[in-house]
Amino acid sequence: MSAPASHDTYVMEHDHRKLGIWIFLASEVMFFGAVIATFVVFRGRSTSGPDPREVLTLLVPTIMTLVLLTSSVTMVMALQAIQGGNRTRMWQYLVATCILGLVFLGLKATEYTHLFSDGITPSANIFGSVYFLTTGLHAAHVIVGIIWILAVVAKALRGGFSAENYLPVEMAGLYWHFVDLIWVAIFMVVYLTDQLKFM
Amino acid sequence: MTTQVATLPAKPREYTGVMSWLTTVDHKRIGLMYAIASMFFLLVGGLEAEIIRTQLAQANLKIVNPDLYNQIFTMHGTTMIFLAVMPFMAGLGNYFVPLLVGARDMAYPRLNALGLWLFVLAGIFLNSSFFLGGAPAAGWFGYAPLTSMQYSNTNGVDFWIWGLELLGVSSITASINFVVTIIWMRAPGLRFNRLPIFVWTNLTTSFLILFAMPSIAAALILLFLDRHFGTFFFDSSGGGDPLLWQHLFWFFGHPEVYIMILPAMGIISEILPVFSKKPLFGYTAVAYSSVAIGFIGFTVWAHHMFAVGMPPAIDAAFSLASMIIAVPTAIKIFNWIATLWGGSINLKTPLLFAIGFISLFIIGGLSGIFLATVPIDFQVEDTYFVVGHLHYVLFGGSVFGIVAGIYYWFPKITGRMMNEKWGVVHFILQFVGMNLAFFPMHIVGILGMPRRIYTYGANLGWDTINLIETIGAYTIGIGILIFLYNLIQSWRSGAVAGNDPWDGDTLEWATSSPPPAHNFEKIPVVTGRRPMWDVKHGGQKMDYAVEPHGFHMPPPSIWPLILSFGLMILMFGMIFGVIPLVIGLVIFVAGLAGWINQPAI
Amino acid sequence: MHSSHKIPLNKILLAIASLSVLALAGCAGSPTMISPASENAGMITNLFFILFAIAVVVFVIVEFLLFYSVIRFRRKSTDGMPEQIHGNTKFEIAWTAAPAIVLAIIFVLTWQTLSALAALPTDSLKITVTGHQWWWEVSYPDLGVLTANEIHMPVGKASTLTLESKDVIHSFWVPELGGKMDLIPGHTNRMWMRPTQVGQYHGQCAEFCGTSHANMRFEVFVDTPDQFDAWVAAQKLPAVTPTTDLAKQGAQIITTAGCQACHSINGVSAMIGKVGPNLTHVASRQQIASGLLDFNADNLRLWISNPPAVKPGSMMPKLALTPDQINALVAYITSLK
């Protein structure tokens, strides 16, 4: 994956996919930047409805963060496995990553249910709108990530990937880490600053 | 366990006829289809313009009712920006960036095709709104809360939302392709400071798209949620703010205009040296200025919002940034003139349009300074002064640049020359028509005429000027029709062009017209900014790269088209309900699965 | 062979310039920013003319250089390869510095004028303008006056406008009296004006606000202090009681035909609607339907009979009224001076 090798040879590279993913993720950063900025701008501007500080808890989101961080670790382990030629270990770690992702989503679902029962919905007030927007878009990205990883698993089970050929795994990993990082940002902005009053 | 490597199919699937076009991943064919589709939408947008100008030719006319008028001016702007100018630039870039950098194709051929089909289908999707409940009628800029369900209760705005989302995805995929191609696939010796300016501007434009489009993508989602899920993002009654829309929109919207002008500036920078027989004056300054315009372009967005009531210090900051961006623009203009100065100027049609571009852009740039001057903007903002300004830079700038590029590169694409006489007629009509249509707009704006009005009172003194503008618009229309005629006739029976009809400087002229599918028989080794000039006039011998693994061209693929089609149906589903939603999703997933399973190489 | 290419561009530009002057001179009836009638508008116009002068100079120089270079260096058959000049650092510095300096000057002037415009006067007449689709609600909170689509101001005195909106974004613009300012739901914007000439000045909404954006017009009357006081005094009176039979009929109909749902008339207990303009002194206004029609009996009849036909999209509906009922209404409304 390098620039033309020497002064007079040229190889038509077909595998520039990693740079492509990085660029795509840069674009996604701008997207979530706009979304999180929207959240910050509307902080404290609800004209009715419960105050988020009364309704948001810190325990479940903290567990969610730990779950997602762990899933990034399993993702790294999967990549290391295939770099060492171990396809079985790789897809096992990938499945673990998916399971952790599903746990994350499950916990999010319980949080949403709890909020609905407290009267916070997207159409309740501006806090509800921005909260569900931010976490919802992130959850959508997690879902896409899980499907992506499962597609990689499917290919692995059919014998794809090796110590020389693992770029799609790396790409899925980059995306997954990105989704994790975005969650950390959301966790800090939405939960920590409210709860710990870091205004 | 055996290691299975992605293998080449025994014999790549070959298609003929229409199917070969629908499945192509060849950047040249894709570029050509981009251009042809853009031309079609340019005509649609042009028809909308003629209707607008007819309605405004005199006071109190009733050619169209205000609801239809508002749909037409909304679609005129949306079409010209997203379905004509941007895809034209993507098309010319698609065709020529690989040739200019000495590559055989773009980095991601199937992604390239995806961008094309998403654009074409999104254009169809958007325009179908006219027949499915009404086109969007809230302006191309769609300010909240006018776009809310309460004040825009037809499907129009929803078509606008999802059409733009599709187009955004198309643009982002194309940009990823350009960046990776330019960074990784240059011919040996083609250092960054030897890149053709058209490639520099494409690179900068691609980064602008990547960092600006997400803002409008987010804003459109917020708008959709407000319209259909009762959220409050732009609704002040629940704590939201209509100004959030404006900030998110213009954070995209301002870089958007640089997205539209930078490639045109690149085209001009290619044409001037060839037709002056001199190198581009101040290459480094021009390259740096292009990048600078890109960067500064992200800091000026709120100059579209001077009258919303922001604190004066904020207004002043954006005013300053807007003036600063005039400096790199001026640098380019002076360098272009210096390129012509002392040259041996070949006044053929490509150069006519290039000169037209510069002269018109000077005017557009100057009127821009008026707009950057906040107190003056308080008067002329949202008037025909702005309409005049924007058409000088977008029509006089972008469209003249595109047309110049077409005249310049038509021989390379088709192997035939365009008719020079008709080219001159077209130029005269377009140049004169342009000034007749748009210069008086500055005046009538100063005389108090706001924009986006379907009619005006008879006692306000705006009639005569509007009539002149309408005549100018019709003149442009005739010019465009002559252009079309020239294009079609020349393609059929124009004089044979040969490899290098203009005595060009850059690599695209090193290969046949049209180029073979693989672009070059052998990849040249580049030793300067004007590789072809060096060989023909500089006494150098062209060296060629060794390709140790040979090369093979990427196989065709139907999956980008299918995936795009699925997305389009899905968008219909966002408006009309579950059935198209599910059908679209199924087709999308099928397209994705087929794509993933097809070997990349 | 190429002489047919010689386009008289200079001639075209000259034609455009003369056309412009002609157009400007001939359109004395237009609400134009270049004939300011207030102190604040005057500041803007001064800045405009400075910029215009600079722009003309730059335009002439740069366009001349462009066209001269093309004409002077036109290819001749005797041409060899021209000198292959790649650049000149001194020139680059010069044409970077020159625009930068000019723009710096313009920015300083911008900042000065902007600061002056932003400084709201401490003592001024307070006027609140609220935008609706597609009419202007005008009130003078300190004076107890409520009207619509027509503003009166005393000459020589500052007025501060408070701008709000009931629905979508509108923009308040009277070119001869000042720059524009948006009316945004959920926001309150303020601007000041100090008119210097008595007269009538045209205004229009300057932010696209829907179907009849083009029809959302208004007039500003700058009065002498006496005229202004007289106007205020008349506006504060309750509505005239009708004297003729036809007008009395109209006074009855207006409270029951549906008008009462939207309109208010001071002193008439049944007329307290807030959705449409206050009609107490509607007959004292020069126009109806937000600047679309001059106020007279015929136009009033036209308007009441079918408002959406006059102002498309209008929320004032076409009521099921007989011609007699309309005549009665017209008789009553024309009495509401």
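Residue numbering begins at 1 within each chain, and the chains themselves are lettered A, B and C in the order written.
We adopt the following convention: contacts are C-beta pairs under 8 Å (C-beta built on N, C-alpha and C of every residue); 3 or more make two chains touch, one makes a residue touch a chain.
Model, not experiment: these values are computed from the prediction.
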*Looking at which chains touch, is this a line, ring, star, complete or other?*
line
*Work out the mean Cα position per chain and let me know which chain is farthest from chain A.*
C
*Which chain pair is joined by more contacting C-beta pairs, B-C or A-B?*
B-C
*asked:* From the mean C-alpha coordinate of chain A to that of chain C, what's the distance rounded to whole Å?
replied: 50
*Can you give the whole-Å distance between the Cα centres of chain B and chain C?*
34
*Residues within chain B bordering two or more other chains*: 237, 240-241
*Tell me, which parts of chain A touch chain B in their complex?*
1, 3-4, 6-14, 16-17, 19-20, 23-24, 26-28, 30-31, 33-35, 38, 41-42, 45-48, 87, 122-123, 125-130, 132-133, 137, 151, 155, 158-160, 162, 164-165
*Can you name the residues of chain B that touch chain A in the complex?*
1-6, 102-105, 107-108, 111, 172, 175-177, 179-180, 183-189, 210-215, 217-219, 221-222, 225, 229-233, 237-241, 244, 248, 251, 523, 525, 543, 545-549, 551, 554, 596, 600-601
_Applying the document's contact rule, which stretches of chain B touch chain C when the two form their complex?_
65-67, 70, 138-139, 143, 145-146, 151, 236-237, 240-243, 276-279, 281-285, 307-309, 311-312, 315-316, 319-320, 323-324, 326-327, 330-331, 333-335, 337-338, 340-347, 352, 355, 358-359, 362-363, 366-367, 369-370, 372-383, 424, 427-428, 431-432, 435-436, 439-440, 443-444, 446-448, 450-457, 459-462, 464-465, 468, 537
*Residue numbers on chain C that touch chain B, as the complex places them*: 2, 4-5, 7, 9, 12, 16, 19-20, 23-24, 26-34, 41, 43-44, 47-48, 51, 55, 58-59, 62-63, 65-67, 69-70, 73-76, 79-88, 91-92, 95-96, 99-100, 103, 106-107, 109-111, 113-115, 117-118, 133, 167-169, 171, 173, 175, 178-182, 184-187, 189-190, 202, 204-214, 217, 291, 312-313
